[in-house]
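Please find the structures below.
Each of the two complexes below includes chain A, the first together with chain B, the second together with chain C.
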Partner chain A sequence: MRVAERTTHDAGTPARAGAVPSVPAAVVPLRRRRGTNREGLEAGRRSTRTLLWVLLAAAMVLYGFPFLYLLFTSFKTPIDTIAVPPTILPKEWTLENYANALGRSGVPASFINSIQTAIISTVLSLVLAVPAAYGITRYKTLSGRIFIMAALVTRMVPPVAIGIPLASMMASMGLADTPIALSIAHTTISLPLSIWLMSSFFEAVPKDLEEAATVDGCSRLGALWRVVIPVVSGGIAVTAIFAFLASWNEFLFALLMTAIRSQTTPVVIANFQTQFGLDWGSMTALAAVYSIPVILLTLLLQRRIVAGMTLGAVKG
Partner chain B sequence: MSTRKTITRLATIGGICTAVALAASGCGAGGPASSSGSAGTSTVNVLVEAGGHAELTGVAEQCKKDTGVDVNFVELPYDGMFNRLSSEFSSGNVSFDVAALDSVWLPSFKDAVQPIDELFTDEAKKDIFPALVKEANVNGHFIGMPAWTNAEIILYRKDLFEDAKNKADFQAKYGYALAAPTTWKQYQDISQFFTKDGMYGTDVKGGVETEWLAHVLQAGSPMVLDDKNNVVIDNAAHKEALDFYTSLVKDAPAGAAQVDWAAAQNLFNQGKTAMTRFWAHAYRQIPKDSAVAGKVGTAPMIAGSAGVGGVPGPWYLTVPKATKNADAAKKFVKCAYDYNDKGIESNLGLAARISAFEKYQDQPGYESFKPLIETLNGKATATRPATEKWQQIVDTVLVPMLQKAVAGGDSATLLADAKKQIEGLLK
Partner chain C sequence: MRISDRRFALFLMTPAALFLAVFVAFPLFRLVADSFFKISPIAGGPRDFVGLDNYFRAFASEAFTGAGWRTLAYTLVVVSLEFALGLGMALLFTMLGRSSQIWRTVFMYPLMIAPIVAGLLWKFLMIDNFGLIGTLLHQAGILSNPNQIGWLSDPGIVLYSVAIPDIWLTTSFMCLVLFAGLQNIPGDLIEAARLDGARAPALLFRIILPLLRPVIAVALVVRGIDAARAFDTILIQTNGGPQSASETMSLLIYRTMIRFGDPGLASAMGTIYLLAMLAVAFFAVATIWRPGKDN
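After this line comes the complex of A and B, so read on.
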């Protein structure tokens, strides 16, 4: 504050500058120079900040525009949705598309199926990934390293390559067209990522914490449950979100493995595109509704996600 | 401490949710269990493309009343249906008892579905368009019952065609009366005439192949392959058809290479084009708030030197060999034939039997049916070649070739290249 005041004085009018006779003449240019530097620095910071905000806003528009366009399209009339050239805002706002989409047979059931499948898949992923990642990071064995690399390799296989065999396996196990079959299939997608994510979070937890817990009388599992898990709770939230999203948005396995009893909403959304046309309005309306739970979940767990994402960054 | 409490709480909630989800996952929320595993039940699962679901809903209701066969529809998007069919047929474990197949898939799945010869009585064969009867017969057996069919017809702006000034100007310029086109030459003239003041005479679809193939038929050649599976894509008729197709580019909106069915339909419904060659169902799907609603006329597909010709787009109901519910499945297929006209009252508004179309052809709102019947009965009308590689030929050769052609490529060179590529695929 004092520096700022002094700087303001120094950079003042010649009359005010002249009102400080005690300052040696040689110092004045130096102070002025310092003041100018600080001002320049401030201005530089301000412009950097402005530039960052502009970039941030541009990125938000870039990422958010498709969703906004989808949202606006869901309120358009049929002819408006196919306008050439397209318009961003509806000329006439209507809820007809929502009525059509939600009134279509199978839509409410598909929502329930999506929720069931995503929950089971998320829990399965966490139940398997947390101990696996903990074991790999705490017991640094060769087999652990091979396992985690192998888990990564499974991410490199195109889903379509395993989709058809998986569908056949589920059918032969009598699980055809059930959410549990689809959940297991979805877990094959999210599990490798979950293990890798959880490993990085466990890596960030100092061993001393566990050792202290052990000294206080905790068993290894007790230390994991009472000390380590609370520390990585943000990471678990992040992993859960990713696993949930992977299942919630998955299309290919759902297409191959579901029929009457377990069809999820992504397949129902795709059903609006038929060989004979594309019902943009209803499709966008259902897609908008389907986005709501994910948006809410993300907002609800926002703090934990941010905390989880920065967990590795504060290590040491 | 509070973190641990939160975690415990979350774990409990997660556990409860999982328990509920697991308990519910045994049945799912979509409906009853698949019946294909239980032999002899009176419930059939019908796998159908999303757009075709409505077509069969009326049939299913009537079938339930008449035969007691209950129908569950498994609705899938068109783009994913082929994968699903491939997956289930190859595993030998099917989740459906009846599958509605696009005609182009029949050759690919001919070994996975069972003959339904008994349903093709003489009476039935007379009431189904000849091209469809021929296509349904694979290796001497009928394997699919057409449920509905389509073909491209001409949709045109009746208001513009009936405008007195347009009529006079057209007569003065071309020496004959302005009317719905019946020949290639007329189509070219009318397209040129209406290309003015920000409007275009027609569209040119570089993103799809069927329309060009219809012109090939009109020029008097089988499409791409002859009866003996020789590649004939470089013959004179194919070149003539390609030259006609590309001659319209100057009278069509820019970007023809990317124009597909959806784009062409949008352009017409927006009032940007005066004419379009399009699937007949589109007539009944013009939005009520469209600029052209109530102003559209219909005519049969245009004729070339071989006469009127179109490529039918039928869907066939088939019964998989792997189903354990074949009797009920065949009952449903018979219902679909018996009550074929029920589909006409759906959104899509199509059928497969001639008598079903004829029943509605004079009713208001069904003006597209007479031109459709005429096109489907056209002298040059024929179905696509019965080869398992057809979809591959379309995707990797025909569409890329058309896109190059409408962008100005030399037709003879392109057709010669296409021939080599197709021969390579068929080896």
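After this line comes the complex of A and C, so read on.
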């Protein structure tokens, strides 16, 4: 009984300054609704559930198979890779493709470039998006509303349309073929998304929190830095992952803006096709090495990522 | 001295606004400006003002109108299939409840894969001769010969084949967003409808889909914009071929700019493309979303 009382109380007055940041209180009604929904749509009958599990198993096999096939292929011998007819499993398991792919000149350097570019872009994106999103959500000014609309419109700009002018701008700034130039280009993609995500996270922070801090003598900037940022650190992590992934997987800007020195791995993977003939074995090996770290990262942080992905869309 | 809240908000937004102005708005301005010039592809070459000539040339060229229709067809196929599959999976996960949580996570994995890798992988699966899909369909007795369907070599179907990696990559996104939307539908509402004798189809079309409308609108618009800009997956699979049958707008603009060295014409195409995307997105938001009208 006491628990129920407390939840309704907290949900009604979501901001009790001094208490532990009351964001969890705002989450409580959501959880409870989720509970009632289970009675709503969740299937109860055992036969129905069995059928649903069978359907799910079929869908998972179909959906998971392509990547498994990529992995199996990467362990085949180079000749087996393009055997007719193809087999699913390697006849003979070997690391030959991995040795070929990673030993090729330019490949290790491209990994370093990818990591560098993604990190610079993530930091840049956060440094710009966090204060901007805070300004937009906390002080609902006209300029803020116009700004978030403009940021959303930027999402519609086809990269191919600004890639060339952007590349020539970077060249005239003396940044041609550098990770900095490419990370700036990647930030044009991740910044609007980061502002959008961070805005939804700041929206969940009760305003009284930093009002209490300013009464205690904090400046507004100090309140943001010392009180609000720690509360939304989870949201910042989600945003960072998205910015990182956007840069890590990006191809078109990397193709237009890099030559030898700053080429990232997606460009190298694509180049395998023309430069070295059709070396499918090495390509699958390199693709596996490039994808697996981020897939594992996702599985580890899945809860946070799901939250980030759905927050903006569901809040609409 | 304490500056006003309005100024403070502006101060917080300025760095990001400046960044977007310099690195997005300015290149866009350059793009629109370039569309009125005939530009030599050689750096420092001549640059002559030609008014709307590039726009007339764009609309007169079959490559441009063809790419426009192909982009539209590609986007419709990708988004509608993703929506149908994503909704199916979201309902499946909702009906199975919490016990399916781990599979929901696993289902998300393609979202983390680079589009270039996905395009490459599916090219490898669909390629003539040693592609696995043709072989499996042949072994299952569906095809009389493994190469009967030229997934990536038959101009009649290639546009739909190149869409497969895109669908595979982002059905998870559609599923996640719709799943989250489903969690927000009050359970008593479903119960009440059931008590009133509503069967599954009525439940889906009369209750669930209308309630999900805002979520669906956001998901469709976000994915529609991305699908209309698809580039990596198509470039690596077919480079627009055969016979331009899979050449969508992004590819055409890229090729006009880089391969055919006509930046003026490419800029005009890019400008038209951007305007069309903005118009469609606003129209879609206004008609599907209808904020405020459902409550």
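Worth a mention:
Operating definition for what follows: the second predicted complex is superposed on the first by the 221 of 316 C-alpha atoms of A that agree within 3 Å, B and C clash if a C-alpha of one lies under 4 Å from a C-alpha of the other, contacts with A are read in each partner's own complex, and residues count from 1 in each chain.
Keep in mind that, in the parts below, a residue touches a chain if its C-beta (ideal position, glycine included) is under 8 Å from a C-beta of that chain, and two chains touch if they have at least 3 such contacts.
This is a predicted model, so every value here is computed, not measured.
Contacts of A:180 after superposition: chain B is touched, whereas chain C is not reached. By the touch criterion defined above, A:112 reaches chain B but does not reach chain C. In the superposition on chain A, contact of A:295 is made with chain C only, not with chain B.
Within the superposed three-chain model, A:239 lies out of touch with both chain B and chain C [touch as defined at top].
In the superposition on chain A, contact of A:270 is made with both chain B and chain C.
Of the two partner chains placed by the overlay, chain B and chain C both lie in contact with A:83.
In the superposition on chain A, A:120 contacts chain B only, with no contact to chain C. Once the two structures are superposed, chain B and chain C can be ranked by residues of chain A touched, with C on top.
By the touch criterion defined above, A:164 reaches both chain B and chain C.
In the three-chain superposition model, chain A touches both chain B and chain C at residues 82-84, 160, 164, 252, 270, 273.
Touching chain C in their complex are the following residues of chain A: 30, 33-34, 36-43, 48-49, 52-53, 55-56, 59-60, 63-64, 66-67, 69-70, 73, 82-86, 88, 127-129, 131-132, 134-136, 138-139, 141, 143-144, 147, 150-151, 153-162, 164-166, 169, 184-185, 187-188, 191-192, 195, 220, 245, 248-249, 251-252, 266, 269-270, 273, 280, 283-284, 287, 290-291, 294-295, 297-299, 302, 305-306, 309-310, 312-314, 316. Touching chain A in their complex are the following residues of chain B: 3-4, 6-7, 14-15, 17-18, 21-22, 24-34, 45, 47, 49-52, 72-80, 83-84, 86-88, 90-91, 93, 95-96, 102, 150, 262, 265-267, 269-270, 272, 279, 281-282, 285, 287-291, 313, 348.
Those residues of chain A that touch chain B in the shared complex are 77-79, 82-84, 106, 108-110, 112-113, 115-117, 119-120, 122-123, 126, 160, 163-164, 167-168, 171-172, 176-180, 183, 226, 229-230, 233, 252, 255-256, 258-263, 267-268, 270-278.
Considering their complex, residues 5-6, 8-13, 15-17, 19-20, 23-24, 26-28, 30-31, 34, 89, 91-98, 100, 103-117, 120-122, 124-125, 129-132, 135, 138-139, 146, 168, 171, 173, 176-177, 179-191, 214-215, 217-219, 222, 225, 228-229, 231-232, 235-236, 249-250, 253-254, 257, 263, 266, 270-271, 273-274, 277-278, 281, 289, 291 of chain C touch chain A.
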